[in-house]
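Listed next: structures, encoded as structure tokens.
Two complexes, one shared chain (chain A), two partners (chain B, chain C).
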Partner chain A sequence: MVKTGRLTRTSAAGPLLSPVTLLRIVLVLALLAIWELLARSGLLYRDVVPSLVRIARALGSLLSDGGYYYNLGVTAGEIGIALLIGGFSGIAVGLLLGGNRFLAKAFEPYLYYLGPTPKIIFFPVMIMWFGVGSESKIALGTLSCFFPIALNVAAGMRQIDTVLIRVGKSFRATTAQMVRKIYLPAMRHPIINGVRLGFGFALIGTLLAETKLSNKGIGFLIIQAYSTFDMPRMYAMLIVLFVLAIGANAAIGRLGGLDAIKRT
Partner chain B sequence: MTTVVSRPRAASAYLPRLVGLATVILALLLAEAIIRIGWISQFIVPPPSEIAASFARLFLEEHIVHRFFYTVGECLVAGVMITVCGVGIGVLMHRVRLLQQACETWVAALASAPFVLAYPLFMVIFGRNAWTIIMMGFVSGLPPVILKTIEGISGTRRVLVNVGRSFNLTGSQQFRKILFPAAMPTIFVGVRLGLVFALINIVGTEFLINFGGLGQLINDLAERYDLGGTYAAICFVILVSVCFFMALEQVERWLRPVD
Partner chain C sequence: MPAVSDSALLKVDAVSVRFDTAEGSITAVDDVSLTVKQGEFLSVIGPSGCGKSTLFNVIGGLLGNHQGEVRVGGETVSGPHKSIGMVFQEESTFPWRTVRDNVAFPLELIGMPKEKRSERARHFISMVGLDGFENRFPGELSGGMRQRVSLARTLASEPKILLMDEPFAALDEQTRLLLGDKVLQIQQQIKQTTLLITHNITEAVQMSDRILVMTYRPGKVKRIVDIDLPRPRTSEIVGSEAFGRYVAQIWNDLREEANRGLRDEEKHALQRGSGTA
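For the complex of A and B:
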């Protein structure tokens, strides 16, 4: 009788780290070493490139500061409301333009060409309309995220499989039912993609507005660090902000299952 | 016979655009009426006719043409830097496959990073001058050029590469005569995106640091509470960016290979 045993994994004596990971580690270490050398060289003005230890210390004190979380909450709230208003209006306009060829030809070029204009220049107008408080920052964030969401949703709607639309119509679905049961489920990914893009624009719009005129929020803290020339703190805040922005971007994509699409 | 059939078709093609334009004009007229009646305060939104009248002032008193060329100059310098560095880094990453595997995701992540928020940092490094503005445009426009260069070169049709090999082309000849020309349309898509990002960030930074061309003008006018001028300057910037965007699209269409 042939002895059958469990399949055992042969111990492939591969390297512990792949060459790609190794190169990444080397690049990061090289970058940190260059930074530290530059900080200690005295070639640049003191504090323009602070040492890594000081940045790490500033990062630690920033993350243990309760006031920072309050300001983070203010900014997060403004971005959230901006994304909510801009998102809903963008989806509504996108559905309208995507579902009607005539309206798309009439109005979509305006959205298409207004989309890439620098939105921060509207900030003086927003201040006149909504005042110097959070409202003007929310308005700028809303304006910033509206265009990419509307354009993405409109483009996504035109790409819906016509079979699905015909199925809905053959069941004599009303417009509301078509939107709820056919269009929105079929457009999940373009909508999430639009929201992801919109989030980035809302974040930039809101924070830039805060740096220009505000007394609370992360943008205000950044410009305050600049005014007091507290460079380690400014670097620390930018690091946290970049990590949060990239992380939130990835999280929205993951929530919408965009990473699953890429893998299949 | 064909003209009879094509006429209504041509008319129907223009109808949506006419409706769009008519809606915009109607909205402006309605705004004019509402503001004149007083339902919206003239101290918040000036009537469109007043905004239109302010354009002459922008040309005569605010030297908007000079400011326009100042901003265009900054965009040009940033554009050249983006193209040279972006294409260079993209080619290098394509050539050194390990480097591409290690760094491509980083570059993609940087493309979504809000670089413009680092403008106070750039002001500390470069000072409150045109270099801060140019560098803001440069860093924000660089990632798409790198990514599209890699994509363009990697996407060169196998048959073209094989033709080059059959002619015994050297590595650099293969690159100059096959890979780079074939990748040109895709690379330009990246350059177009990079230039659009650069323009957005350059005008934005001008506005934020109150220095330079068109962005500074808007800030100046707003601080002087010159409402008509502020709105007119904003309209001018929108017009410039739309024209810039359309021109880039035309070049991209011209470069696109005919299928």
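For the complex of A and C:
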């Protein structure tokens, strides 16, 4: 493992406050200031735009609430399982389509048509098949993340430098060796990008399903806060969700980032 | 000639390759026969478009739809053969593997234990003069060094025949000459039987025992030239009078073919131009 290259890359990204970071912070602060001004101006109904203090207080009580963590765990579990099922099947289908021109020609158009369709329209079907519990949410999350992952992996496979495949063949690598030692490492970037996209879609699918029909999970809590008009609590949950999504995305991205050094 | 075929390690017998394109069927390689003897360095030289790379792929077993036969040590080649090691023209190192793991790749495929293949890899890395770079990634090396990694990787599989397709084409002239020295040195050191595909006359004369000159499309054997220069050779030989004579002789053969190729390309460009106008 070469450490030096990796270090220069990460340190290049930041002395602690680069102009870019500074600008980002300024933007967030400005938005917060505008929010607070609006809240205090009384121009809007104060429960629709509650003051930051009220949101902070709601955030505090949210984070000290054990029931919240239970629901967070439920949702995280659903997303995790959805990403696992959708990810593995997506990668498998992507490899198949990327490696076989005939199959790609026959089936890839379907993926392109179905990919952008909002998967929530299948939720009624999922409820009938899998019930109202976590299973139907997992099903919708799986369905949501399968398409971007499969399409990314298929496209990534076609972008592999063909000479590397010829090298493998010239050394008489078996199919399993080709996949393990050439295709997968050469496709690490598109795979991780696909999983990253897929994570976003799984998150959307799962939460959306929870808001429609459920009795647990973050989506359920958000819609519950909305229907009891507890806006500070709802905003607090959105903030937590936002932060968690950013964190998870960065974690997946980091897996891909490691490889970037070796390829340059 | 039974005397020759007895010692022939590689025998290409009446190989022809035809491609179907939009403009009709093109004969890329037409009835090419050649033999490479044990320990011999043979170069195949020809202008662009003479089917050199096609021939390379046929001999390497990567292209199946040919007529005629390729035999290695008496066995007919149908698919990549274990006795043939290929070095490609393009950048072909694995960017996600260190130099050591790149070179150890063929050993990994045959299941050699880690310790042993590291040791073997080090031996061949040293042979191409890359000691100390074992833990670097290809991205950290120059183009010439990466090509040496590819060479070491192929040598590590210990092929009976080293088959190279313009391995130095993408490099600058000086790097090319110095790398040529390296190849000569290795060739003399391990008596590696080698078939080099090239369009570079200097390179061919510098390294070869024999040079096979090919015609422009369809690629046929035009002439076989014995290079009777003393060994061991280095790039210094480039300055000698005998060297100059060989280069002139081969250029004489090639010029006509290269000219034909050029005219053909111009004609195609014109046709395309008038087609779109």
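In this text, the second predicted complex is superposed on the first by the 227 of 264 C-alpha atoms of A that agree within 3 Å, B and C clash if a C-alpha of one lies under 4 Å from a C-alpha of the other, contacts with A are read in each partner's own complex, and residues count from 1 in each chain.
Everything below uses one rule, namely that a residue touches a chain if its C-beta (ideal position, glycine included) is under 8 Å from a C-beta of that chain, and two chains touch if they have at least 3 such contacts.
Given the structure is predicted, the values throughout are model-derived calculations rather than measurements.
Shared-chain residue A:Ile246: touches chain B; no touch with chain C. Between chain B and chain C, it is B that contacts the larger number of residues in chain A.
By the document's definition of touching, of the two partners only chain C reaches A:Arg166; chain B does not. Residue contacts after overlaying the shared chain place A:Ile120 against chain B, while chain C stays out of touching range. In the superposition on chain A, no contact is made by A:Arg54 with either chain B or chain C. In the superposed pair of complexes, A:His189 makes contact with neither chain B nor chain C.
Residues 2, 5, 161, 163-164, 166-167, 169-174, 177, 181-182, 185-186, 188, 259, 261-264 of chain A are the ones that touch chain C when the two sit in their complex. Residues of chain C that touch chain A in their complex: 60-62, 79-80, 82, 84-86, 88, 90-92, 94-98, 105-106, 108-109, 135-137, 139-140, 157.
The residues of chain B lying in touch with chain A in their complex are 15-17, 19-20, 23-24, 44-45, 98-99, 101-103, 109, 112-114, 116-121, 123-125, 196, 199-201, 203-204, 207-208, 215, 218-219, 221-222, 227, 230-231, 234, 237-238, 241-242, 245-246.
Residue ranges of chain A in contact with chain B, taken from their complex: 19-20, 23-24, 27, 44, 48, 102-107, 109-110, 113-114, 116-118, 120-125, 127-129, 200, 203-204, 207-208, 211-212, 219, 222-223, 225-226, 229, 231, 234-235, 238, 241-242, 245-246, 249.
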